[in-house]
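Got a structure for you, written out below as structure tokens; questions coming shortly.
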């Protein structure tokens, strides 16, 4: 059983990932992990902080001389400017000058429900943890899982389909392999899966336009996994269905409001004969399909086709353009302040989506092929 | 901690729901539960079986003299025609005539991945459990939760937005209360939230048309909860976020391929200022919003507004119109057989969606409000 | 992941066991299971009820034509005299004549803390579930696990070491194989592991003497497993240590107050050189030990030697000889009534101990060896 | 739901504790926590390392300005001499000179089963995690829980009953309050609950004698909790019984081989009338008992009396006096090496026992009185 949690506050000492149940003797690729960290920080339209912080992972436990020990893996992504925040964020007791207390909850954030739930008088006690900076821990743990999967031939990737009203033309995608789409996305500043300067420009203009208006933007991205074996997940109990687990993992990413598997909502509009993937067989390939409307999962079980997940991200709730809100102390209305300055984080969220999908698939893999060590897993898997 | 599982095969002795952690001394409303069972079985376009089986719940444990005991609740929905299936489905050993073995997996079902995962030579070993009949257990347990919630002022309901290409006009919904929409849905054969014979007719025609062509249809439905208190779920860990839990619960329903919370995919298209719900305050109402684009959840925590979830159901994979598949024994191609005859089960799925939402909310409620007994819960809740 | 729960009240419709995650295609041995049920009901000094109820297991789900389906297994042990209890125990609402309410909590039972926790005015709401009759469900599920294990060469058994002041002489045990000890226990009315009429007589006299005095007796029993592979459990996290899991499972049995693994408390008295099992190696046997003071577990991991667990059972809290207590309604003192009439249930508890050990080992086995189906498990295990 | 895990290797960067679900707004007492850390390191007969390392806790997350945030708490106990171990323990890849590989498993440790389970060629990969140094993390998290409990009037403590053959005379304990016993233990170098220089001397002599012979010693200790409310834990499911959870938590401590609750094994020898605690009532005290043979738990539920747990620790497996073992590489026999030099760690284990008991009680408390914040918990509790 894979256990995965994160800890840490946005401006605290760091963000941490706890990963337990990962096979022993896995050779950790430190560069791969740090590259993944960097991928989360890229993207046209990110604000200033992304430049300050070059996230790197330090292993605090569970890895020795380059290999996993089978014991709990604790990863740290230290916050480089913690020193500047120490007065406000330190664990040690201390009085905060009243003006440093945040009493103004931002619409669209955990701020207000969080403060009411926990009985805080300082919104910072909520926003520090609800911040999307937490996803650094997800990407760190996800990187380890992605690396494990790719050594077994399972590739996890992502690309962006739309940002605000800018859309990738569907015909530019059709017929292309996930490999190609992914490579294009890797070379795009907005993670779109087409190598077309004009389309790229449309996306950038959309972002620039929003920025000019003090607006923020959301978008839609795809996360996929190829090379997935048949039989992960199970139809036998509601909480063992892999589609449900994926939906939870993706929906749990900050600002995600919708998740689709395969055709998703499109499947609700089409007649059955247009939706279900017919089954074929040949001696070389075994059972196979010519379509993948199911997105790789039938009855909660992987069917050997690529897993395809689509996610909708709402615009970042922090705007230059203010929204009305109410001070929790004075109960006076105000216009909501800006805590952070990204216009659009969809490409970053897509990378986080990869991490979460990789974690869920790894967990399902280790339930089907329990493996104390990586060699064992490798052996069982083939 | 609420534990909920189902057991049972579609043509076995029955479907069973196991519910543990439910408060003691809750007065069970048997009629309410059986009405919920009936609601799952209604809907224009259901096949023959719905008429045979009038599902009723028998409590096997956990309830005494009308009240819950705090001990595990086991509910049975006996299959009335088990006798006719005994030869094929009995637990006792026995040779099945080869012709009674199902070797033909249906596209769109768990059939093929299930058979490959578990190493079966009879598809029935999978389809009996992956069948949507399992949702009878979900509705049974969900009914208990719904009943608990409504006594605390939390109403859970659902309605259908579209079936195939038939859509409820958005303007017919706008401005209406959930109460009204729900009441309309209750009076509609296709669970649409408008009392408009013309629209109703469009839906029925859509279903009739599909039936005539040997097709099946999916659709989109809304599940909602009103009266939800602030503070269910938490932003502090990915798997404590209520939106993630809801997404898993809804996506785990058979044939669901998409889940949205609040605006969902629409939120990805709009600028931030059109998406985030501004915050207001008055002495009578406390904090409140004038919009609910968030669907009642911000940062993984309920914000006091109604929870609104949208789900996309694919067409039932069993068609009269055959799809190509391959016999698992002979490896010969064939055209997929019909195991069951519903054209459209969207209204039923919406009722199942209510059950799953009610279970998730109840679980979150019991994590926030201590309640060994219902009186205690009631007291604390107010 | 193996999930195991029970449901059901002592005089309700039945006792039920829910077992999920058990491999598919396992050929269920119905006779074996029912023999296990009978073993739980045997033992010198049991009261009248054991004669009424010949427990038999009915599979409600998860088994088809003699083989497991991989889906949740629900087992029922129906209560044969439920009809006589229906008025008092039925789930349907109904007024109970005040004199049928139990208001007198028995010392040593869950009665009083249970009533206070849940706010009941009828002790029966607690005692029906806390009763040791619940262990019928444990034995049912445990039998399935025991059967799986023995087909992999892992034998789980038990024997009694003492009842009250009657003790099996240690020298009668030393040097004997678990097989022989177990066979002796199977032929003894008090489950002692020696075939010595005199010792048997001592035990019976102890029980008879207690009965005459209106007393009840506890005792000490051993549960063991032979043929256990190296590597179940893990040292890497506190809750993955197999010794901890075993301790929980055994301590959770009604009336158990002490658990030892290997030497147990004896290990606390001896110097290190007398406690730790030296390690040897030969080509035929691989690594092995000449002693087993560790009871088969080092650092929370099985070491290939037999698992040996000792448990202490307190006397059954229901006595003919009354104990002082207080009526929960009137707050008047009284002398505690007799609900049930066993003098000694140590042999039965030992059989329950086997079930719990078998369940814990099976769970650990399935975490180490992937096994969607029994064939797969068998293959991997060797 | 309280989640508690540790991470870290004995000579790695540090030992870490992850604690999630702890109420918000709890004022952390840093001195208290560090005093608890120091208590774990005391005790007559500890080896050299205890002097090097003065463990102190650093909060990496979850605490701000002296108060908990409700978000995951990550605590670090840095290893002060990691620099000296860096070559051997660093996470970064590197070749270890063959002579630095540990190939000699010590009897009584996880060494051999661990190496076989995970397929390691270096025993250090196991022993670094199985080491009792891990308990620093348990004590850190336990200290937070102990502090929470004592503010609610629940005191958790421990004392030693025996070390090797040295025993505290029972008559020296009888009739004394837990408070007094605990205070005595705090002032004793061997944690015995009596203030008697002669007895203290006997214990020290026992330890000195063992040391002279190259031996190690185990012992028996008591962990207790007073002020526990009625109703923690539940009789309704085997894994909800508090006694089972306590047994797991205590048995999971390194080197523990036996756990008793209340009378424990003694209860197996006595007749029922001598075991069960009679129930009394007065208006001032409510229900109460004059005896506490049950150790505070009946039917898996706390009954309001002190929880009393006894644990048996085997001698530390590392001896100066060598034991026979086998090199895992050469398969040659050898006499087992000394990794660490404590003669007796029973007093330290008792402090760890306090931590584990405090964690289990806190978890049960938060299941009965779920509380987002400490104020809420305080309110509910009274």
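Letters A, B, C and D mark the chains as written, and numbering starts fresh at 1 in each.
Here is the rule we use: contacts are C-beta pairs under 8 Å (C-beta built on N, C-alpha and C of every residue); 3 or more make two chains touch, one makes a residue touch a chain.
These are the chains along with the protein names UniProt gives them: A, B, C, D = Chorismate synthase.
The structure displayed is predicted, hence computed values, not measured ones.
Chemist: What chain lies farthest away from chain B (Chorismate synthase) once each centre is taken as the mean of the Cα atoms?
Modeler: Farthest chain from chain B (Chorismate synthase), going by C-alpha centroids: D.
Chemist: Sort out for me whether B-D or B-C is joined by the greater number of C-beta contact pairs.
Modeler: Spelling it out, more C-beta pairs touch across B-C than across the other pair.
Chemist: Please report how many Å separate the Cα centroid of chain B (Chorismate synthase) from that of chain C (Chorismate synthase), as a whole number.
Modeler: About 38 Å separates the centre of chain B (Chorismate synthase) from that of chain C (Chorismate synthase).
Chemist: Where the centres are mean C-alpha positions, what is the separation of chain B (Chorismate synthase) from chain D (Chorismate synthase), in Å?
Modeler: Here chain B (Chorismate synthase) and chain D (Chorismate synthase) have centroids separated by 46 Å.
Chemist: For chain B (Chorismate synthase), what residues touch not just one other chain but two or more?
Modeler: Chain B (Chorismate synthase), residues with two or more chain partners: 5-6, 20, 69-72, 117, 129, 231, 234, 236-237, 368, 372.
Chemist: Would you pull the chain D (Chorismate synthase) residues touching chain A (Chorismate synthase) in the complex into a rising list?
Modeler: 3, 5-9, 12-14, 16, 18, 20, 24-25, 27-28, 30, 58-67, 69-74, 76, 89-94, 96, 117-120, 124-125, 128-129, 372-373, 375-376
Chemist: Which residues of chain C (Chorismate synthase) touch chain D (Chorismate synthase) in the complex?
Modeler: Residues 4-6, 105-114, 116-117, 126, 129-130, 138, 162, 164-165, 210, 213, 215-220, 230-231, 234-239, 241, 243-254, 256-273, 275-281, 287, 294-295, 298-304, 312-317, 319, 321, 323-326, 331, 333, 356, 368.
Chemist: Which positions of chain B (Chorismate synthase) touch chain D (Chorismate synthase) when the two form their complex?
Modeler: Touching chain D (Chorismate synthase): residues 1, 20, 69-72, 231, 234, 236-237, 366-370, 372, 380 of chain B (Chorismate synthase).
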